[in-house]
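Report on the structure given below.
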Amino acid sequence: MQRIGVFVCWCGSNIAATVDVEKVSQVLAQEPGVVFSTNYQYMCSQAGQEMIQESIHKYQLTGVVICSCSPRMHEATFRKTCEKAGLNAHMVEIANIREQCSWIHKDMATGTEKAVILGRAAIAKVHLNAPLTAGQSPVKKRALVIGGGIAGIQTALDIADAGFDVDIVEKQPTIGGKMTQIDKTFPTLDCAACILTPKMVDAAQHEKIHIYSYAEVEKVKGFVGNFQVTIKKKARYVDETKCTGCGLCTEKCPQKKVPNAFNLGLDNRRAIYIPFAQAVPKIATIDADYCTMLKSGKCGVCSKVCTAGAIDYKQTDTYIEEEYGAIVVATGFNPIKLDKYDEFAYSQSPDVVTSLEFERLMNAAGPTGGTLLRPSDGAHPHTIVFVQCVGSRCDDEKGKPYCSKICCMYTAKHAMLCREKYPDTDVYVFYIDVRTPGKNFDEFYRRAVEEYGVHYIKGMVGKVVPQDGKLKVQASDLLGGSQLHIEADMVVLAAAIEPDETARPLATMLTASMDTNDFFTEAHPKLRPVESPTAGIFLSGACQGPKDIPETVAQASAAAAKVIGLLCKDSLTCNPCTAQPDELMCNGCSSCEKVCPYGAITYADKEFRGPNRTTLLRRVAQVNPAVCQGCGACTVACPSGAMDLKGFSNQQIMAEVDAICR
Amino acid sequence: MSVTENFKPTIVAFCCNWCSYAGADLSGTNRLQYPANVKIIRIPCSCRLNPMFVLRAFQKGADGVILCGCHPGDCHYTTGNYYARRRMTLLFSLLDFMGIERGRTRVEWVSAAEGAKFAATMNEFTETIMKLGPNRRLEDLRCRKD
Amino acid sequence: MMETIRRISGVNPRKCMKCGKCTASCPAYDEMEFHPHQFVDMVETGRIEELMQSKGIYTCLSCFACVERCPRSVEPAKLIEAVRLAVLRQQNENHLTANDIAEKLDPELPQQAITSAFRKYRK
Amino acid sequence: MTYSYFPGCTLRTKGKELDQWGRAAAEVLGFALEEPENWQCCGAVYPMAKDEIATRLSSVRVLADAKAQGRELVTLCSACHHVIKRVNGDMQRDADICDKVNRYLKLDTPYAGETNVLHYLEVLRDRIGFDALKEKVVHPLTGVKIGAYYGCLLLRPGKEMGFDNPENPRILEDFIRAIGAEPVIYARRNECCGGYCTLENKSYATKQVDKIMDNAKAQGAQMLITACPLCMYNLKENATNGLDVKYFTELLAQALGVKEEAK
């Protein structure tokens, strides 16, 4: 018989307001095996923990039940507490009477009754608990960063600077991500390329960093400290070791009509291309969708002009297998497609552009060489209308339910730059709210209004009508109480941002969870913002939620710090709750082996005592505790009931069921 | 119908540790109400749910059993919820055959971010059980409370 | 009254985030003294009487531009119709009577115009 | 293929030929339109209020009739289409309305939105196919630049009507291409023409119509087509210096070479 101590936490008034903690501890004291029961204001506080430890000694407790917040919150805390008092950590069970009781019920009687039942279930389980010891598994001291934008670059640099090897996998031919397409950055207006490209070069030259550009993660196996990843290097039809990046091929290629993705299709490039001058690695790539040689076998101009002999039309996708201790997701974002918002005539007029397209039109390396010209006729626009929240903050199917966060600031930046470069332009910004909660952000927005004379109008654009070379904008001015009709030359739409489309399949590969908007979820929204709930997976940048550059960099470094903390360890404590076969019951049928997702189950021929002093050789299942992750699939698959899961045994769960249904 | 008026169903919710238990916590954090009849048992993965547990619950007087796990494709252990889905499909049709109505058993995918869905599911499920009334089929009368 | 309007329209004005896109989209703006976003706001704050007195309830074109373009699915047109109905359902408050029709007819006028006017403007 | 067919009030009276052209074209294209007996006017305006039951009944009658025949229901006038489609949606989604309507109508079998409602244009697009239509054209309208005028009722609310992209539709443009003419895209093609106010305030209607006409003309349209008799009347009668406006079935019948015999 166990000697059990019950500790009921008030959690201030969080629990005590809807659960009669005194009564709960009294009732639970009557349960068989309970030798001590008490309640306290904050069980997780120093005093509370000391009380638990004292009680363990005083009453010689062999099991502890703590009725408190979710085990996801403080299970580890209380286990440590008890361990220090000499009790095995797995002799502690938590009854979740906060998240799953006091917070969801309003009535004291109901809450108390339920808390008692939850406490009983935990007591019933502790009766059957056994001390467990965790094994150790080694940590592969290498990190993988998926995505080579500013988030991925920063994370990789920080990890590499700490002395660990890092691989960056980037699906585009160059690293740099969205920031390469941006002209200036708010709120300081420094040039994005000037601050980004040195970092790109740093990453490329760092001896601890290896960049797989034009590559994608194909498969992920394993677990924290020990991931096996297959990386697909897409055929770029150019030998990376030979190409010098001279760019001659990109000038001579006869296929000139390829929409230039880097400039968002605002101009054309060749079928063989280097995305932009400062690309890293600076290696040409052939666009197989447009290359005449690859499509019809006739051409070969690039091969002829390449003095390095780097062109290889026969190149195929190659696969690389690598082992990692930690994986960082930095897959970033994209602006949404605007076909659902054609009241703004985006598909009807080239002069209606997205903010990212506008960024290219303002960029010295963009299609217009940095002079703001209308895409339709190359004329200088004199009236520009900016529309914010296009597709953000929408109800259900209309768009994204969240605020895209960066639009207010970049729109203020665009408006300010327009007025600065072209003081003769009239600039209107239609806003619902202006959100500027960042250092020097509101000051920046106020400058746009006060110093640069941007017309900020509280209201929204309802319809854009392209007619006679103008854009007739019909909008509301809610503060002025009127409907405005503006003849604009350009309309710029601040499109909502969404996670990259590769994020969802990647999350599945990593078994990392996502929210309904396909942003990765963090392990804790406040306290663990850069970790995925899946151990060993870390989050960097906009893949976790909309972020501007300063925030992205901060999160990237935070993720790096977490990775470094992990890679510093030589081994990790394994989950002790692993499967365990009862060899006497096992008949070696292989059912368990088939369902094990980790290949943790093998078979061994073992000698057993048979009848009449004979010896029997039988095939029985063996579980490798370092590999077993404790899902329990095998326990249910086992037809003879030989397989059980430590910490969540059949008996323990049944005891909980009995206690609840009692 | 005094039986139904005083009927306080016992509902056992098995929640996987990674998604649904966290989803249940989130509905608590957001103070979303659902009936106290629902009691949650934490299991590492939905595939840990042995059909025996479900039978045991009904035998001991549970009126409804619900299993919550990660969404298909999102299982922390990659494939666990697929096993669970297959097993429960079989089990539930067997139970139906035995007279435990379909409405008393349910599988629902609730992610760690879906606190609202968890609460809504529990409200809905409890309402269904309330309509179905007490489980009389499999309950072991020797286990009866009153 | 506020509850009646909410009930018959099925609209929850609290969903409105006051962006003004309904009013920006409204083709009948110049013909209304209260505009779609004001309908939402005034139903929310209970200023139903004023709305019932306004002639805008008869000049709304029921074109659903506000419904289509509202980012929050508030459906202002339903509120306008609900206010109009609240007026028409009172006794002797028909906006249009059979006697009014004759003078408005012209030989090409489709039946539809008359049917719809009756449907919209009288009970 | 035989469809149940709801012509509506205008196409039975002032707009007879619009209906006849549609029927003649259907014959050429190989589908039959059969009117249910004793159909009633749909009311021309969709009742948005949740507690309006009586105004939904006539739509449900014709929907239930189509269900009894085991047919899809085709409409030709966009107002009828709008009303019937949305009432059908209410019957599918709003349990309260569905219940009250059924209790009122006392049908042999209760109706819960089973009938599929199609606009004539949807039949052309989804059942016949514009490519197949193109092959049947004998008098293509080559070189004519036509602006499609959609108006409000066909498209909005997009979620309920499910007809086309409500802000950038293409079904009429595809139709225009199929009959050999050239479509002209102009942004105001889905802005309201003010048809409902033509009875009370013509100058208000004129203002709306002129904006649409200006936009269409500026984009190079020589003529407009519509799928709504009220829009057609309003665009024609209330425009100052407007373009010619035709109903799409007229051009369809003309292109298929059956316009004259339809009369």
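Which chain is which? They are A, B, C and D, in the order written, and residues in each are numbered from 1.
Here is the rule we use: a residue touches a chain if its C-beta (ideal position, glycine included) is under 8 Å from a C-beta of that chain, and two chains touch if they have at least 3 such contacts.
Model, not experiment: these values are computed from the prediction.
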| item | value |
| --- | --- |
| Pair of chains ranked first by number of touching C-beta pairs | A-B |
| Rounded Å distance between chain B and chain C, as computed from the means of their C-alpha atoms | 47 |
| Rounded Å distance, chain A centre to chain B centre (Cα mean) | 30 |
| Of all residues in chain C, the ones touching two or more other chains | 30, 65 |
| Residues of chain B whose C-beta touches two or more other chains | none |
| Multi-partner residues of chain D (at least 2 other chains) | 167, 191 |
| Chain-chain contacts as defined at top | A-B, A-C, A-D, C-D |
| Chain A contact footprint on chain C (complex, rising order) | 15, 17-26, 29-30, 35, 37, 65, 69-73 |
| Chain B residues touching chain A - in the complex, by the definition given at the top | 10, 12, 18-19, 21-22, 24-25, 27-29, 31-34, 36, 39-45, 47-53, 56-57, 60-62, 70, 73-80, 83, 87, 111-114, 119, 143, 145 |
| In the complex, chain C residues that touch chain D | 7-10, 27-28, 30-31, 58-59, 61-65, 67-68, 75, 77-78, 81-82, 85, 96, 104, 106, 108-117, 119-120 |
| Residues on chain A engaged by chain D in the complex (per definition of touch) | 339-343, 345, 347-348, 397, 463-468 |
| Residue numbers on chain A that touch chain B, as the complex places them | 70-72, 96, 98-101, 103-106, 110-111, 113-114, 117-118, 121, 507-508, 511, 513-516, 521, 533-534, 577, 595, 597, 629-633, 635-637, 645, 648, 650, 653-654, 656-658, 660-662 |
